[in-house]
Amino acid sequence: MARLEDEGPPPSDTGRSRDQYEVGRLLAFSDGVFAIAITLLVLSIPVPDLPDPSNAALREALVRLLPNLFAFLLSFAIVGRYWSIHRQLLGALVRADRRVVGLNLGILLTICLVPFSSGLLTRYGNVPIAVQVYAANVALIGIVFGGLRFYLSGRRELADQATLKEQSNTERTLLAPAIFLVSIPIAFWSPLAAELSWLSLILAGRISTLVRGRRAREPGKQDS
Amino acid sequence: MARLEDEGPPPSDTGRSRDQYEVGRLLAFSDGVFAIAITLLVLSIPVPDLPDPSNAALREALVRLLPNLFAFLLSFAIVGRYWSIHRQLLGALVRADRRVVGLNLGILLTICLVPFSSGLLTRYGNVPIAVQVYAANVALIGIVFGGLRFYLSGRRELADQATLKEQSNTERTLLAPAIFLVSIPIAFWSPLAAELSWLSLILAGRISTLVRGRRAREPGKQDS
Amino acid sequence: MARLEDEGPPPSDTGRSRDQYEVGRLLAFSDGVFAIAITLLVLSIPVPDLPDPSNAALREALVRLLPNLFAFLLSFAIVGRYWSIHRQLLGALVRADRRVVGLNLGILLTICLVPFSSGLLTRYGNVPIAVQVYAANVALIGIVFGGLRFYLSGRRELADQATLKEQSNTERTLLAPAIFLVSIPIAFWSPLAAELSWLSLILAGRISTLVRGRRAREPGKQDS
Amino acid sequence: MARLEDEGPPPSDTGRSRDQYEVGRLLAFSDGVFAIAITLLVLSIPVPDLPDPSNAALREALVRLLPNLFAFLLSFAIVGRYWSIHRQLLGALVRADRRVVGLNLGILLTICLVPFSSGLLTRYGNVPIAVQVYAANVALIGIVFGGLRFYLSGRRELADQATLKEQSNTERTLLAPAIFLVSIPIAFWSPLAAELSWLSLILAGRISTLVRGRRAREPGKQDS
């Protein structure tokens, strides 16, 4: 582990080495939590329990699991996407103070709740409150992320401001919680409509990716 | 992985490189255990099993899960806080002998028990012995941490003493187990009073953070 | 963590340092998911629930668990093998763009599904559709791997092409999904025959290992 | 991540950098599996399910969980100890060929089985075959470890032979499987006697630690 390494060069660098250790462990712990939360999602697809295991009966039982598979795929995409945002955002981190640790634990807390709210969505996909709990959970992840980004911006001793600014997906970080928040009242009227509204995010994401991809390929950014 | 790296500079440095490998794996393993234990906590919030999934019935079932959510949040905060203390304490570690490995396994053992005692607290929050088992578990984590800190202090070959001393939260490491130990007899009389006494820790923590935050911002500490 | 380190040497290297951070987190997250998925497989071997725990009754119950053990060993070998392929393939990675992250998440998604499809195989090993779902899952892992390899080949800014080419097990990466795909129609006719066809892969693997082992020991490859 | 780093110094070092990457991922994956297997052990201590949650009833239920706690502590100690041996043994590793990866997967396979066999021991601690399955599992871990150690010894291109030799606990690596193997026939006669025979290992370990501790503090070993 390079965790404690490179205390070497100039004596004034011990501070940087300590920062590296602290940032490193923050990342290792976070990657662990994200990895476990995303893998636990599969537990929401139960192996069917059939007394008469004929091929037809099992096929039917598997078809009945399709909503579970849908919720699994959705939650996998969301946790995976937030891990990717975490990777980008914390790529700018050079030092982690208590508040960064606290906000990061807040992110992990909301991520850890996804297997529960995803299980809720799986079982009660057509009940308004289940859809609302799920939407609230996902919105909350985005809000805490926004909080961390806001806290880091402008604090040169904590985060590389250039790297932070470059991630122009601020609009997107805010877009996801906005869509999920808007879907909460929609679910009162129709849970299905709320669920469909989430898909607009994927569309928005795709468009944003195209735009950003073009920007990223511009000549002025060769060195990063 | 830098785990085996930098065998380079002077030939006498192979010892340091080995130490880095050993400390590195200790940290990777510990981060893994903390991450899994904290993520498993969500399993103590079961998805309700309703025969008639109306919106009202599900809302009621979710309200009945509030104690589970409380226990989840409490245990998440405790494990997260202890991970943060672990990160600070082992930031001073430069070499891990058998006893450090043993004491660290002791810490992980008590951490691994939290999902069980948290589950106990969730189900039997108003039964004295459930509250006492939980309090004893949390106190035990703090005590083993204290043991590791005590073992490292004064051992220059194992830990950077300056870094160790700087973490003036010794008082706090002792405060947490003290409060949880005191709550054990209180629970005989009233489980709720014991649970409320734990909240005093959060208050104490907040005050201590303010004090330490001020100290940390003092001019003499620029280089760490 | 060396994650943010070595921003040092020439100022133009900050890009490389960022790449290292991004590749590093991709690997840490992937190793976590692989590790959890492979460890969760053991949950498909349930501890028998006997009212009368005599030695004879327990021995009988354990014998009845042999198919579970078979499925566990098979899935462990498959996930372990794909982890090993992941380790080789991503050893060539020098930079991770959005598409690499996406394809890698696709690999992890198919890996995360293995505990479910392995549980299905365990319980319904003689039902065609269970065998087919399992085969489809394993084939899918190989196909997404193939997609990532295809995407990386030729992109010098993303992957070290020499390292990539050296891994001449392209034929093998394609062989595994091919055999599992072929076994899907076979399972309609006989689930057992399909399962046995998978064993041909191990045989093929063994032969390929021998061939590659000989190649790898050739003089021209000393320096890698 | 230093995983891909330091391709720098002399051009002939790219081989070493690749080796570091491959060893690093082997360690990260292994640490993950060990961490998950050791944390999953807590699932073998179920939260009691009481219809009438009085303090006396819960205390009684917790007392009935003591065998579970015993099995948990034993398995935790065994997995923790083997992780520690893994850390020592692979500290000598400089390069991981296919066979090292294969043997390491073998170790992880036997480690992953511990939550199952530990659950078996918990429920059927006085049934010979349960004790025998557990003993066989633990013995198997030691045997595969012995296989990896045997394979590495003498192979200078794979492992640092000096580091390997220094770990004079070869006798101990063999002692653990030997004691567990011997306990298998003992369990036919008396499961309890077999379980008690395992404790002799802890005693032997303690003595060996004392002896080795003294050796390690000898003057000639300052530099490692």
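Letters are used for the chains, namely A, B, C and D, taken in the order the chains are written, and counting of residues starts over at 1 for each.
Everything that follows uses one rule, which is that a residue touches a chain if its C-beta (ideal position, glycine included) is under 8 Å from a C-beta of that chain, and two chains touch if they have at least 3 such contacts.
Computed from a predicted structure; not experimentally measured.
Comparing the contact residues of chain A and chain C by number shows a mostly separate set, under half of all numbers used being common to the two copies. Using CA-based centroids throughout, the chain positioned farthest away from chain C is B.
Chain geometry summary: the mean Cα position of chain B and that of chain D are 24 Å apart.
Per-chain Cα centroids separate chain A from chain D by 34 Å.
Counting only residues that touch two or more partner chains, chain D has 1-3, 5-6, 21, 25, 28, 32, 35-36, 40. Contact residues of chain A toward chain C in the complex are 1-3, 5-6, 9, 20-21, 23-25, 27-28, 31-32, 34-36, 38-42, 45, 47-48, 50, 53-55, 58-59, 62, 73, 76, 80, 83-84, 87, 91, 93-94, 163, 209, 213, 222-224. By the touch rule above, chain A contacts chain B in their complex via residues 1-6, 8, 12, 14-15, 18, 21-22, 25-26, 28-29, 32-33, 35-37, 40, 98, 101, 105, 108-109, 112-113, 115-116, 119-120, 122-124, 126-130, 133.
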